[in-house]
Amino acid sequence: MSADVIDKSLETFVLNLGPQHPATHGVLRVKLTMDGEYIVHAEPVLGYIHRMHEKMGENRTWAQFMPNTGRLDYLAALSYNHGYAMAAERAEGIEVPERAEYIRCITVELNRIASHLLWFGAFVLDLGGFTPLLYAFDDREQILDLLESVTGARLTFCYFRFGGVYNDIDDNFITGTREFIKRLRSRMPMYHDLVTNNIILIKRLKGIGPISQEMCRRYGATGPVLRGSGVNFDVRKHEPYSVYPEFDFDIPVYTDCDSMARYMVRMDEMEQSMRIIEQGLDKLPEGPVMAAKAPKILKPAKGDYYCAVEAARGSFGIRLVSDGTNTPYRLKLRSPTFSNLSLFAEACQGMLLPDALALMGTLDLVIPEIDR
Amino acid sequence: MAPLDQVLALGRANSLWPMTFGLACCAIEMMAAGASRFDLARFGAEVFRPSPRQCDVMIVAGTITKKMAPAVKTLYDQMPEPKWVIAMGNCAISGGPFAFEGQYAIVEGADKFLPVDIYIPGCPPRPEALIEGILELEEKITGSRRWPRVQCG
Amino acid sequence: MGLAKIKQALAELAVTETIEVSKTVPAPPAAEGEEQGKPVEVKEMIEQNMLFTPEYAKKGYHLDVKVTAENVARSAKILLDHEFFLESITGVDWIKENQIEIVYDFNHWHTLCRVVIRTRTDRANPEVPTISEIYSGANWHERETHDFFGVTFTGHPDLSPLLLPEDADYHPLLKDFKA
Amino acid sequence: MTTELIRLLAFLVGIIAFAALNAAYLVWVERKGAAHFQRRIGPKEVGPYGLLQPLADGAKLMSKQLLIPDGVDPILFKIAPLMVLVPAVMSFVTIPFGEHLAARNIDLGLLMVFAFASINVLGLLLGSWGSANKYAVIAAARVISQNIAYEIPMLLTAIALVMATNTMNLNEMVSLQGGGFWHWNLIKLTFTASPLTPIAFLIFFTTMLAETNRAPFDMAEAESELVAGSFTEYSGMGFGVFFMGEYANIVIGAALTTVLFLGGWQSPLPFLPNSVVWFLMKMYVIIFTVVWIRWTFPRTQFYALLNLSWKVLIPISLVNLIVTAGWLKVF
């Protein structure tokens, strides 16, 4: 219906969405050419929070870049810690002790739940419902308490080291995590009652904002966006790293390609993450959390290395080029949302403004990660 | 201050509406400050208005890049008087971790182009720090610390 | 799409005459340029690269393809036909050799196979044909690479700065850039 | 004559005070209520229970600079907030708070309320148009089509009631619902109105939400889409007056629902005395429900909202009208 509405009229106007707009979650700007409330053409404008992480990487030692990874995607900072640590370990050839790997997986999954919870709240906020945001924050605070007790930070973690983790977890963390999982399990039905089964929400998401598999391929979309389009692609299974092969978990895949599918993928992912954490706590081996032979100053052999992890928003890749010195020669960060957002312009054509904003919400944008 | 001024100052201090305006990581802590555990609403400061016309205080939460700086300035200019600026986080104070030799993308601190009233250090500052910042701003407006003193818990 | 088919696909890419395929040798890295190993027997190469070899564990990718700039688009087309997706495009400034290397990362949804396509271009006048018509997502990646390295992607619809300010005329990731 | 004049003046002052107080304290109820729905405390430090919060907000808004941005139409821009507030306050004139507690007992009271109620949308339109802001204009287009769509089912349900009660005098309408809650129009177990009246009540309540631009139909503001919708360019008291108007409208909507369906000042049980207290209790329950709904539901999509009115509410209210007519004819 939308296409012919647009053809008939030439009276379009330009709407500047952002860089300060409640729905863009930060400082994204979208230049929209509108026909009434229909979007004729959209052009995202990036770079409003471009802080040049990559150049900074070239100017400091390998270890000094670790705090930067926490400030890329601050909602799931540990995944980025993990990606960078793994890439450097791969380049240097450091073996990580098993206990450290388990701790990494547990904390990363906790962080993933925190990230998805915040997304859930912010997404419903985009749709005009305010209360779920605060419920989600309530649960998220519990995770942040746990993570703070081991990492010392609430948001911008810098917890992983080359060869392990900075700090061992204690019994308080383990019991606290188990309690939290119990709590979240009991809260999930409430979230589904309040939001997922809400008729208004279903009407707003079902069949809205289709993203086909073919489009995902052309744009390189990954993560929940891709899994909402029916592709079973998750780096944790596809390219197993750390101790993920030890865990029994499923990859939620929905084939509807619409906003609802992407929503459901994330909701189900939280449950799967809880499963991983529980198994991790059960199997947690004893031992050191830092590799004994990890060098203090990294000097990887010449060459380039690629390493991908499944961050909360998709496949985060890091390409390191080393020239054999103690600073990276080139450090490329492949941010998942950069690719995910690039399909927005095509996907939102002919959509109504509120639907397009819902679609943007399901892409789960974190702007500093896109702009880097 | 004249009595009427005092009344108005009290009104302003107790009804600081911030702008829905986050730049980076600190914005999440700003949201957390408004959420259930920290609840900025206790001081009447939870009304995050998306339009600068209805805001009293601009919380610069995050790194200001050179590309974003003109937009921040515009937003500040669009706010009606009286208005205040809180620089939240190290980036907004001085460029924080991103100030290094050869950096070309960021503005090193909001005070390079905005009159900042309150600085809240941290990377990112905890929500408690933001609340303390708001209370400091109230003190700046009324001239005395909020009474009775706010207890935590 | 099974592993066998992907092998076929990569063989197709490898046998095109102008494309030289090098096995990724661990010690002298392929990125070094002059160390480019001599073209390996196709069959052998597939055997070595497609399996989960120590090579992958070390490097993180399975196949490293060096092409001339003209053949980038062709390689991308072959990869698209075999359902690869584009992970990223980036550059590396090899200032000592006076060259800029453009690196394309491709990955596959169903088969564990990451392909890296590299091409080198003159540093003074960097030019590479665009692949944004083949992979729509390349549009932004190429704009970003243009921002950072000043590489001109010929045929690209709009190379205006993406991450840098609209009026930016500098390319910060070049090694000789000074703020 | 003079006593009548004094009475009128007293009522006028009373109504304005009532409207202003309600508008101010409904904001408090809203914020406090929202906080408790969201497991927070809400305003607490400003006076006991945060009760001085509305005063602080009022003082601040009044002392705020009144910005008139470049490019706006100054006359429309200034007049619009008043056009939202004044008709809402005027509507109170005919609302019977108690048996003898109405400023003016007008025979065509219902008509008057509707007439004034439909002016408020004009205010929003003029304000949005005058502020020369794209978000505001989009919001204006939404508000107009929404109000037109929802005015029809609202009137249709009201007409059905008028047919059943045979009066447009609001006080008389309340009197007819006396003698216990089973006489209220909502239930009408006395079978003098069509059995569809409970559905009519739901329709009326829904349209009331839409007419007052409340969630889930808050298209006029739609924060996450249109920044602040119609109010985007309003600062200080311009915004404050708009907000007071919005809340006064909610009070009117709730009062009208009470009068039409819940028996106004009539006590729910025959042996209890009728009083204004019943009216206020019913009204605040409705208002609380409105707040509750706002903090529970996400916003509807705009076309879904129009579809709901044109494809569901209007046909049902037409059916209701016909059934009522038939019912009255047969019995």
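Should a chain be cited, it is by its letter among A, B, C and D, assigned in written order, with residues numbered from 1 in that chain.
The rule is simple: contacts are C-beta pairs under 8 Å (C-beta built on N, C-alpha and C of every residue); 3 or more make two chains touch, one makes a residue touch a chain.
This is a predicted model, so every value here is computed, not measured.
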Request  = Please indicate the chain closest to the centre of the assembly, with centres calculated from CA atoms only.
outcome  = A
Task = Please work out the Cα centroid separation of chain B and chain D, and write it as a whole number of Å.
result = 36
Ask   = Once you find the CA centre of chain A and the CA centre of chain B, what distance in Å lies between them?
value = 27
Distance between the centres, which are taken as Cα means, of chain C and chain A, whole angstrom = 25
Note = Per the C-alpha centroid definition, the whole-Å distance linking chain C and chain D comes out as 63
Inquiry  = Quick check: what residues of chain A touch more than one other chain, meaning two or more?
reply    = 21-22, 47, 50, 52, 55, 134-135, 138
Remark   = chain C residues touching 2+ other chains are 164-165, 172
Where chain B touches two or more other chains at once, by residue number = 20, 35-36, 50, 67, 101-105
Ask   = Who touches whom among the chains?
value = A-B, A-C, A-D, B-C, B-D
Task = Report the residues of chain B in contact with chain A in the complex, numbered from low to high.
result = 19-25, 27-29, 31-32, 35-37, 50, 52, 62-63, 65, 67-68, 71, 75, 97-98, 100-106, 123-124, 126
Remark   = The residues of chain B that touch chain C in their complex are 66-67, 101-105
Note = In the complex, the residues of chain D that touch chain B are 31, 35, 38-46, 50, 52-53, 55-61, 63-67, 69, 223, 227-228, 231-236, 239
Ask   = For chain A, which residues count as touching chain D in their complex?
value = 13, 15, 21-23, 36-37, 124-131, 134-135, 138, 194-195, 198, 200-201, 203-204, 352-355, 357
Residues of chain C touching chain A in the complex = 26-32, 57-61, 80, 83, 85-88, 90, 92-93, 103, 105, 107, 109-110, 112, 114, 116, 135-137, 139-140, 148, 161-165, 172-173
